[in-house]
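First chain A sits with chain B, and in the next complex the same chain sits with chain C.
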Partner chain A sequence: MIEIRNLAFSYGKVPVLKSISTDLEEGRIYGLLGENGVGKTTLLTLLCGLKKPQEGSILTDGENPFDRTPSLLSRQYYIPDEVAPVPMKAETFAKEKGRFWPGYDHARFIAIMKEFENDLEKKMNQMSAGQLKKTYISFALATGSKYLFMDEPTNGLDIPSKSQFRTAIMKYTPEDSTIIISTHQVRDLENIIDPVIILDRQDVLLNASIEEISEKLYFDYGTTYREGALFSEPLPGGFLQVLPNVDGEESKVNIEALFNTAHAHKTLIKEMFNK
Partner chain B sequence: MNNTFNFKRFGKYLGYDLKSVWKEQRIFLLTYALIPVIMYVTVMFFALVGHGFSFNASDFSGASPGLASRVSVFTIVSLIFLMFFPSRTYGFVTDKAKGSAWIQMPASRLEKFTSMMLTCLVIIPAAFFCAYLLSDAVICLIDKSCGSSILSEWNSHDLAGIDVSDDSISFAGNGFWFLAGSIMQVVSIFLLGALIFKKNKVAKTILALFALSLVLSAFLGIFFSTINVDVMSERLSAWASEQSGNIKFWVSLWSSIEFAIVVIGLGVWSWFRVKNIQH
Partner chain C sequence: MEFNPNKAIYLQIRDTICERILSGELKPEDRIPSVREYGASIGVNPNTVMRTYEKLTAEGVIYNKRGIGYFITPDAKDLVLESSRKEFLEKELPLVLRKMQLLELNPKDLLDQSV
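== the complex of A and B ==
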């Protein structure tokens, strides 16, 4: 479990994260959403120990990630937005690096690479951005890490790869693992992320499970415009509207609409979900 | 799990580190190490061109590079190599993508640092000098007109000795430790530069050294202006004549202390840089 308490971070005099407190539980795939510059990447790099919190604390299973202990490093993996094109064949890279993760399974790496239709024998510095990203995703999933941090993993992936990515995430992650995916491409990951974390300027606007969201908000895909909708978007043949779920009706959560609703009604959403 | 230092994990990490260095830097290393061969082939090629592609052996007498020119080239090439290889080998640590991947490797900070120091201060310089001196020796073996090889000269003379009066001060191992200390000093400086600066690492390190030497000179200037130099120099001469029998010992001791201070000081700085680097 990851416990974040009063976390603050700034670049010079510009604060990015201010007094963030939240818990990230085991066995969940968190979707980390937010506008550009709200600190999604900063939060991910803090979580995996690439940055040191300036205030507050992060504890991953009781350990401070910035201590960068081998015991914690061998249970986590971070895929940054831009990955390094090393002059090595994908298979050699995985074989040599994988030895450092006790849960690494080379057969799993090969299986995921095949699922992604990626060439194991190709040198990584000769791969396209998408192929390189897929190699790193395959490696990350093959490490069997308990904590996976992914920054915009679907950026640069073609349409079939996005679906293969979803399948791989569901198929190859251990049940007790915590995955945090920062993304702008919510539609790519809509069906796998639960809970959703929406970061606002320096703060967590929402950290709620899909179940909790559907309990409190109603996503109407009807054809009639409804008064009092928090968010409304015309769709072919109707509307997508988000309303407070006063009647306890069930509906399918649309994460993009949720994000736009939260963005437009920050105080209301915060009050609604912090009750 | 021992999170500070585990020999088994360190061995595994060192092996991985060396493999990566070899894969990424072998062309660079071999190019520099084979400069004697490249130089010999180039000189002989131009000698051939100069003689209208005549293969008469007498036309080439004196064309092959002699010991003096080879020692000069060796000194320059070694210095350039020692300045550039730390940033080529570990400069990636400041790169966002590669540096992040390096930090995320499940080995302790101390293991990563020890591996880095061992690779930069000992293994790569040793591999370079061995390969360079060997390729020079091979050239001299093939073409006797080149004269003796640098390696054989090194063995028969004290290349790193320092002349004091008529006496030649020799350091342990025919100047080996003196040279090793100098190499470690240069590498430590440029390794720290590689870990601190994000771009133009070598040029910025040279500029920083230049700025530092200016500051030190200014401080020394101020220091010497406040003391009586004549008295100081008299005391120093008196001490030197008292210690004339031990002068070798004092020079050796002073250079060893200087090397140790510089290498350890820069090493400690590098350690804190490695320990606290953020991406």
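== the complex of A and C ==
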């Protein structure tokens, strides 16, 4: 469990996060969404202890990640958007680095690399961006970490790798793990992220499970215009409209439309989900 | 797996399992995959699959043997038949009838098409 309380961070005089409070629970795959520059990467680096909170606190299983205790570091892994092309063979890199994670399983690393059709013998600085990313994802999943932080993990992945990624993330993570994926590629991850966190300038607009979202909002895929739609978007076969869910009917949550609705109606959405 | 845009995903997964029960592919006492296995195989969050399993358990179609997994109940097929017929008559048939009206088709015309 990660507890974030009144967290604030700024770069010089430019505030990025201002009083963020939310909880990240076990056994969940969080999707962290937000426009460019709202501080998704800053939040991830704070969560994994690379930055120090300027105000407020983060507690991961009761520890401050910035203390960077070996016990916490050996249970977490962070994949940044850009990963280092080290001059080592993938397999050697994994074997040597894996020693820092007691739960590291080299056989699992090999298995995931195979699923991604990635070459174990290739030097990482000779890999394409996608191959390199897949090497780091394989390694992260092989560490058996309880906390996984990923910044845009599907960037650079080719089409088959995206579905392999979705499968691997469920197949190779411990059941009680907390996974936080920051992404703009919501279509790549639509069905695997639950709950969804929408970060706005300096604030969390929403942190809610798909179930809760479908209880509060109705996603109408139809051909007729509905009165009171918060958001509507033309589709080839009609419109997608988002309305407050007054009849308690269930619909399929569309994350892009949710994001756009939250953006157009920040106060309303915040109130709706903070009851 | 591609999903229909209208229906909540956990309900679509339920429909898939129910169809496999109706077709006889899944029989009483057959084990269905664990939440995580199933989620991984179709690229869906385990919590979503959990909601499907909870719904099917409440409907009496599957049951949980603690620590072993989820199994199809002996009455599953009857229960699914009943609920699926109801859903067809209440939700799908009206749409079919409306479409037939638009296309100026009589029920008789359908009889010639079937079989």
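Keep in mind that, in the parts below, the second predicted complex is superposed on the first by the 275 of 275 C-alpha atoms of A that agree within 3 Å, B and C clash if a C-alpha of one lies under 4 Å from a C-alpha of the other, contacts with A are read in each partner's own complex, and residues count from 1 in each chain.
As a working rule, contacts are C-beta pairs under 8 Å (C-beta built on N, C-alpha and C of every residue); 3 or more make two chains touch, one makes a residue touch a chain.
Since we're looking at a predicted model, the values are computed, not measured.
Participant: Is the arrangement of chain B and chain C around the shared chain A a clash or a fit after superposition?
Facilitator: Partners fit side by side after overlay.
Participant: Quick check for you: in the superposed arrangement, does A:49 touch first (chain B), second (chain C), both or neither?
Facilitator: A:49 sits against chain B, while chain C stays out of touch.
Participant: Which partner chains sit in contact with A:193 here, chain B, chain C, both or neither? Use first/second/both/neither.
Facilitator: The answer is second: A:193 touches chain C but not chain B.
Participant: Consider the C-alpha centres of chain B and chain C from the C-alpha centre of chain A, and write down the angle between them to the nearest 10 degrees.
Facilitator: Here the answer is 150 degrees.
Participant: In the superposed arrangement, which partner chain does A:209 touch: chain B (first), chain C (second), both, or neither?
Facilitator: A:209: touches chain C, not chain B.
Participant: For A:99 in the superposed arrangement: first (chain B), second (chain C), both or neither?
Facilitator: In the superposition, A:99 contacts chain B only.
Participant: Per the contact definition in the header, classify A:82: touching chain B only (first), chain C only (second), both, or neither.
Facilitator: After superposition on chain A, A:82 lies in contact with chain B alone.
Participant: Considering only the touch criterion stated at the top, classify A:171 as touching first (chain B), second (chain C), both, or neither.
Facilitator: It touches chain C, and chain B stays clear.
Participant: A:68 contacts which: chain B (first), chain C (second), both, neither?
Facilitator: Only chain B is touched by A:68; chain C is not.
Participant: Across all Cα pairs of chain B and chain C, what is the smallest distance in the superposition, given in whole Å?
Facilitator: Comparing every C-alpha of chain B with every C-alpha of chain C, the smallest gap is 27 Å.
Participant: Jot down the residues of chain A that show up as touching in both complexes, chain B in one and chain C in the other.
Facilitator: Comparing the two interfaces on chain A, one with chain B and one with chain C, no residues are shared.
Participant: Tell me, which parts of chain C touch chain A in their complex?
Facilitator: Its residues touching chain A are 3-9, 11-12, 36, 39-41, 43-48, 51.
Participant: Where on chain A is chain C touching in the complex?
Facilitator: Those residues of chain A that touch chain C are 27-29, 163, 166-168, 170-171, 175, 191-194, 209-211, 214, 221, 240, 250-254.
Participant: Can you name the residues of chain B that touch chain A in the complex?
Facilitator: Residues in contact with chain A: 1, 3, 6, 9, 12-13, 16, 19, 23-24, 92, 95-98, 100-101, 103-109, 111, 276, 278-279.
Participant: In the complex of these two chains, what residues of chain A are touching chain B?
Facilitator: So the residues of chain A touching chain B come out as 45, 48-52, 67-71, 73-74, 76-78, 80, 82-84, 86-88, 96-97, 99-101.
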